Amino acid sequence: MDLFEYQGKRYFARHGIAVSPGDVADTVDEAVAVAERVGYPVVVKAQVKVGGRGKAGGVKLANNVDEVREHAVNILGLDIKGHVVKRLWVERSSDIAKEYYASFTLDRPNKTHLGMLSAQGGVEIEVVAEENPEAIAFLSIDPVEGLTLATARRWVAEAELDDVAREQSAELLVKLYECYTQGDCDLAEINPLILTPDNKVHALDAKVTLDENASYRHPEWEEFRGDEFEDPREKMAKEKGLNYIGLDGTVGIIANGAGLAMSTLDVVNQVGGTAANFLDIGGGANADVMAAALEVINADPKVKSIFVNIFGGITRVDEVAKGVLEALKRVSINSPIVLRLDGTNALEGRALLAPHLNENLITEPTMLDAARRAVALAN
Amino acid sequence: MDLFEYQGKRYFARHGIAVSPGDVADTVDEAVAVAERVGYPVVVKAQVKVGGRGKAGGVKLANNVDEVREHAVNILGLDIKGHVVKRLWVERSSDIAKEYYASFTLDRPNKTHLGMLSAQGGVEIEVVAEENPEAIAFLSIDPVEGLTLATARRWVAEAELDDVAREQSAELLVKLYECYTQGDCDLAEINPLILTPDNKVHALDAKVTLDENASYRHPEWEEFRGDEFEDPREKMAKEKGLNYIGLDGTVGIIANGAGLAMSTLDVVNQVGGTAANFLDIGGGANADVMAAALEVINADPKVKSIFVNIFGGITRVDEVAKGVLEALKRVSINSPIVLRLDGTNALEGRALLAPHLNENLITEPTMLDAARRAVALAN
Amino acid sequence: MSIFVDENTKVIVQGLTGSQGRFHGLRNRDYGTKVVGGVTPGKGGSDVDGIPVFNSVKEAVDATGATASFVVVPPKFASDAIIEAAQGGITFIVCITEGIPAHDEALTYNRLVEEFPGVRLLGPNCPGIISPGKCNIGITSGDIALAGGPVGIVSRSGTLTYQALHELSMQGIGQTTCVGIGGDPVPGTNFIDCLAEFEKDPETKAVMMIGEIGGSEEERAAEWIKLNMTKPVVAYVAGVTAPPGRKMGHAGAIISGSKGTAQAKMDALTAAGVYVCQNPTEAGAKMVEIVRAM
Amino acid sequence: MSIFVDENTKVIVQGLTGSQGRFHGLRNRDYGTKVVGGVTPGKGGSDVDGIPVFNSVKEAVDATGATASFVVVPPKFASDAIIEAAQGGITFIVCITEGIPAHDEALTYNRLVEEFPGVRLLGPNCPGIISPGKCNIGITSGDIALAGGPVGIVSRSGTLTYQALHELSMQGIGQTTCVGIGGDPVPGTNFIDCLAEFEKDPETKAVMMIGEIGGSEEERAAEWIKLNMTKPVVAYVAGVTAPPGRKMGHAGAIISGSKGTAQAKMDALTAAGVYVCQNPTEAGAKMVEIVRAM
């Protein structure tokens, strides 16, 4: 789950990381109220989960109430790369002497945590990594050992942060690592981490991605939910507990297992079709799950055919068959369904479906055959 | 100080690192005796401090006494890139299942120790680093923390060493790190580190460079000395305690400080000359040191002129002048001497020399003028 | 022969008294696996369909001589269960649990590597391992596997593992061992571990490898194959069509830039001499062709 | 103004009772430096030409309020002396000792950074620091420096540092501060540290930088200059003629491949907008030209 900047800053603040005083505003009046409270000048920032806000006019400096009003009016409702701005973050503007970059993420090949620190912040770190990799001090952190203040001090020196920023930065990095680990972040990034002319270090932006697998031990994450899904199809799928990603094609996809679902997309593509979505119903999916999946797909007006690709393991094929029949009773499905059913209890499943087969409910013996049929029906 | 392979292996063995049974041999008969003692097949290896021994015919397998005799005869006296083989290392041959690479050295930019480990050994690590950097697992080691067995275990897994080699390798790496630190090595490298078909890990080669600055606490290094200097000029300079490197040009160089000496080479080169040597007489050099330096330069038949470039700091220029006069009394100098004297007590120094100046003892006011004069005299 | 497990492997099930543990544990036993015990704290002394239950792994190992463990407990208990298994003397741990937080996985992996160097973890979030006719630990349906070799299978994807078994078995081509390594961010066992074992196993004549987008395990495997593998390898990589930058399910398959894309992986494997196929069916057909020509 | 030290800096000399310590300590005091004490264990209570000697740095700091220390002890005692200085409350340590083992340097550097983040070490194996007319800590001969600015000097080489001072002073161009960082493998203070201070110092109008072959400090400095430096920088890098792969004296200047060569450093500095000169005289002349044009 990606957090908005304001959510990320609150997450940081809880772990003792300094951020600018500010608050959210959903209306122009709220923006003005926040500005009056924190004091001018302020920065009015669009809250969207996409980069390039500044260039799109989503970040503006305001020196007085009129300017806050003007910018809030302009930014609320602004479309930034398909994301419509519904919320602002208004914070006290900071003078900047230097911009740094700091982040923690998982280093999958090395199976350790990876810290990245650079005296060259404020720009995309990918660009720095490409053009001048020596400007990034990489730190590999053994999860068993964690990050000590001693190591953080060595790290800020290696990254050549300005002398006056080093001790504050080292302490902040230890807190950021705590936020990253105790807070179960996939990514905790500050860009820029700034040094002010009066020698204070604090986080001017926040990019946080949370690991959904850890949500059971983070009841406080509930507050972050709600606005996450821009795509209404994804929102509906999420409510039904399905692992769904909306795409732009015409063949609706339902499969069990992420690998099989991806493979299904590939095969549809190979035989000349385009997938409308990725949908993994997971292991052990029963009739309810199957019905929910069909409902979500059915709600997508672009879908012209539905390809249900099941290889039973934990998932029992007869359950899947029941789910399909159940869904057909509950909802009027707009598109023909092509099924490929194999694995645990496949025979039982096929037998259950047999009496109901017609031009809108078709089975095929193999994955490839089913893909061809679904694509033919969609094109 | 670079060690020969056999010296490196003995250094390793002292730190508990497994090497093949073997011994040195300076004659054919000694080689046979070692072979008979360690058992056939054996490998007969030229002991030279230069790479590419194998290609030059300096490493041979011998299955019996006749083969040992034949190879020893051929290799002793062999010229490998200018290094004449005077000593052999004869060791029991090892069957090889896998070849790895392991080393420790100082990571100057990061001011930490750097471990390099690769499942792709037996070839030049520079080539692996160039063609397939991901095949090297780099480990940055904080000198304060050192290398624990736990970290070494993580490291061997990251490097994807074969399962059966991992625990032995982890233990060996901890010992190699101890050898590197306690043994004051600039470099401790094993290439290849081998896994045998019966699943034993040991060092098949040894490349060790010792830090001369640490020699005061390593009386045992005395045994490594003696054969280090191939260049007779360097040997003579070393005996006199001078920091000398032989080069191929015609202008003999004497300077105080490594930077000034390098700069002197550069200036001589810029005005069209070539330096016969690098010689830094160091800080605080007195008359004896100066006389010794002139003697060493004088022994080089290629030298056509001598450029003495002194900027007094700790070194007092009057002492240098005395040294020059002293040397002229002791030795008959073959080449004209051009002096540039500045810094501490420069006036006194110049005054001392003034009565002795002639066409073979010249002073110039600046470094550039002196370089031009010395080069003119040499060409 | 088989890799990692065989007909003599004694297995305990951590979580045997739970519904999933009971279902799969008994199914594994019915397949012929030597399931010698279960572990559920506080339920020591009871049994599940004749399989004795112990309070701790240590007790179970002492009583049964088990060397392998099947961890089938909820995510919040999985890390502790894995460490307990290692501490109790187990040397091969299969964890099928899905949904373990990434930080727990990273911590557990490193604790295992650092404190228990002789212990191998398979998973988490994997279907397990099956040596047809000998041993089945995990959730793979035994009837889609065929004993007698000569193919070894290693797969990052659960369902595609079954698909691979199915493609081969339908054509009468058996498997020595099929290892599902799982697609989680920090797998205990990776492609190279399995490829090295298959290379050493005399009965395995060819290997099928199923990869996915994300990470760089396939690229690393390709490099290993180029240098070490003498047996033919057929590979399929899922996710050619996946849009960049999206997370496709629990596989943790995040694409960033060109690295980690299915195409990059396929290119690396092709360059390593691997037969790379466009879909699982094609991969199955290619493997059948290779085996029949032997 | 000056950097790191000024006319108010109180200095103690660790090793004042030794011959080198006495010679340079008194010479520094005679220059005008506030040398307020010496430290030699066991000799507390005595004095050297009126300078009181203490048994420990802590005692010396408590008694004198010194913030800087001049470490002039043999290599085997230097690391302990540096750590003792930091523990005793000193925040600026100048160590001229030549010949400290590289492992000791690496350990001492990291202990300082990790345990004493507010402490700066200059050296080891450096000529020290001089702010003409204000403070001279080290072995630089005060008479070759000229007070009044406007040039800052930072140098990796001892004798070339004197050469640089000499070239400027002869032309009547003064220096704000001249820092010899030393050429050892693990210097406590590097080019960037000094460049950053010179950039901040209002009286420094231009900087002269003297590099050497080996390592990558000059390249890193070039990158920093490109991004941060507004003042003109003139540089000279010694070692263009040095043969690859040879160690040119204690500078620890090992060339490996193209990286670390004088030419690579000169190219990097040129690309960063630095005026790169071919010899110290030319560098001095260039700096004179720049200053006169201001």
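Which chain is which? They are A, B, C and D, in the order written, and residues in each are numbered from 1.
Throughout what follows, a residue touches a chain if its C-beta (ideal position, glycine included) is under 8 Å from a C-beta of that chain, and two chains touch if they have at least 3 such contacts.
None of these values were measured; they are calculated from a predicted model.
Q: Between A-D and A-C, name the chain pair that shares the greater number of C-beta pairs in contact.
A: Result: the pair with more contacts is A-C.
Q: With chain centres defined as C-alpha means, what is the inter-centre distance between chain C and chain D in Å?
A: Distance between chain centres, rounded to whole Å: 59 Å.
Q: How far is the middle of chain A from the middle of chain D, if each middle is the mean of its Cα atoms, in Å?
A: From the centre of chain A to the centre of chain D is 50 Å.
Q: Measure off the straight-line distance from the CA centroid of chain A to the CA centroid of chain B, and report it in whole Å.
A: Centres of chain A and chain B (C-alpha means) sit 55 Å apart.
Q: What whole-Å value do you get for the distance between chain A and chain C if each is reduced to the mean of its CA atoms?
A: 28
Q: Indicate the residues of chain D shared as contacts by at least two other chains.
A: Correct list: 110, 114, 216, 220.
Q: Do you know which chain B residues sit against two or more other chains?
A: 109, 111-112, 134, 142, 144, 150-151, 154, 157
Q: Which word fits how the chains touch one another: line, ring, star, complete or other?
A: Contact pattern: none of line, ring, star or complete.
Q: Which chains touch which?
A: Pairs flagged as touching, ordered by label: A-B, A-C, A-D, B-C, B-D.
Q: Going by the contact rule at the top, pick out the chain D residues touching chain B in the complex.
A: For chain D paired with chain B, touching residues are 75-76, 98-104, 106-107, 109-111, 114, 127, 139-141, 144, 155-163, 166, 183, 185-186, 210, 212-213, 215-217, 220, 236, 238-243, 246-251, 253, 257, 262, 278-281.
Q: Which stretch or stretches of chain B touch chain D in the complex?
A: 106, 108-109, 111-113, 126, 142-144, 181, 184, 186, 211, 213-214, 216-217, 243, 245, 247, 255-263, 265-270, 275, 278, 280, 282-283, 311-314, 342-344, 366-368
Q: Which residues of chain A touch chain D in the complex?
A: 119-120, 132, 134-135, 150-151, 153-154, 157, 160, 162-163, 166-167, 170
Q: For a test of understanding, state which residues of chain A touch chain B in their complex under the given definition.
A: 109-112, 134, 140, 142, 144, 150-151, 154, 157-158
Q: Residue numbers of chain C touching chain B in their complex, please.
A: Checking each residue of chain C against chain B gives 110, 113-115, 117-118, 192-193, 196, 216, 219-220, 223-224, 227.
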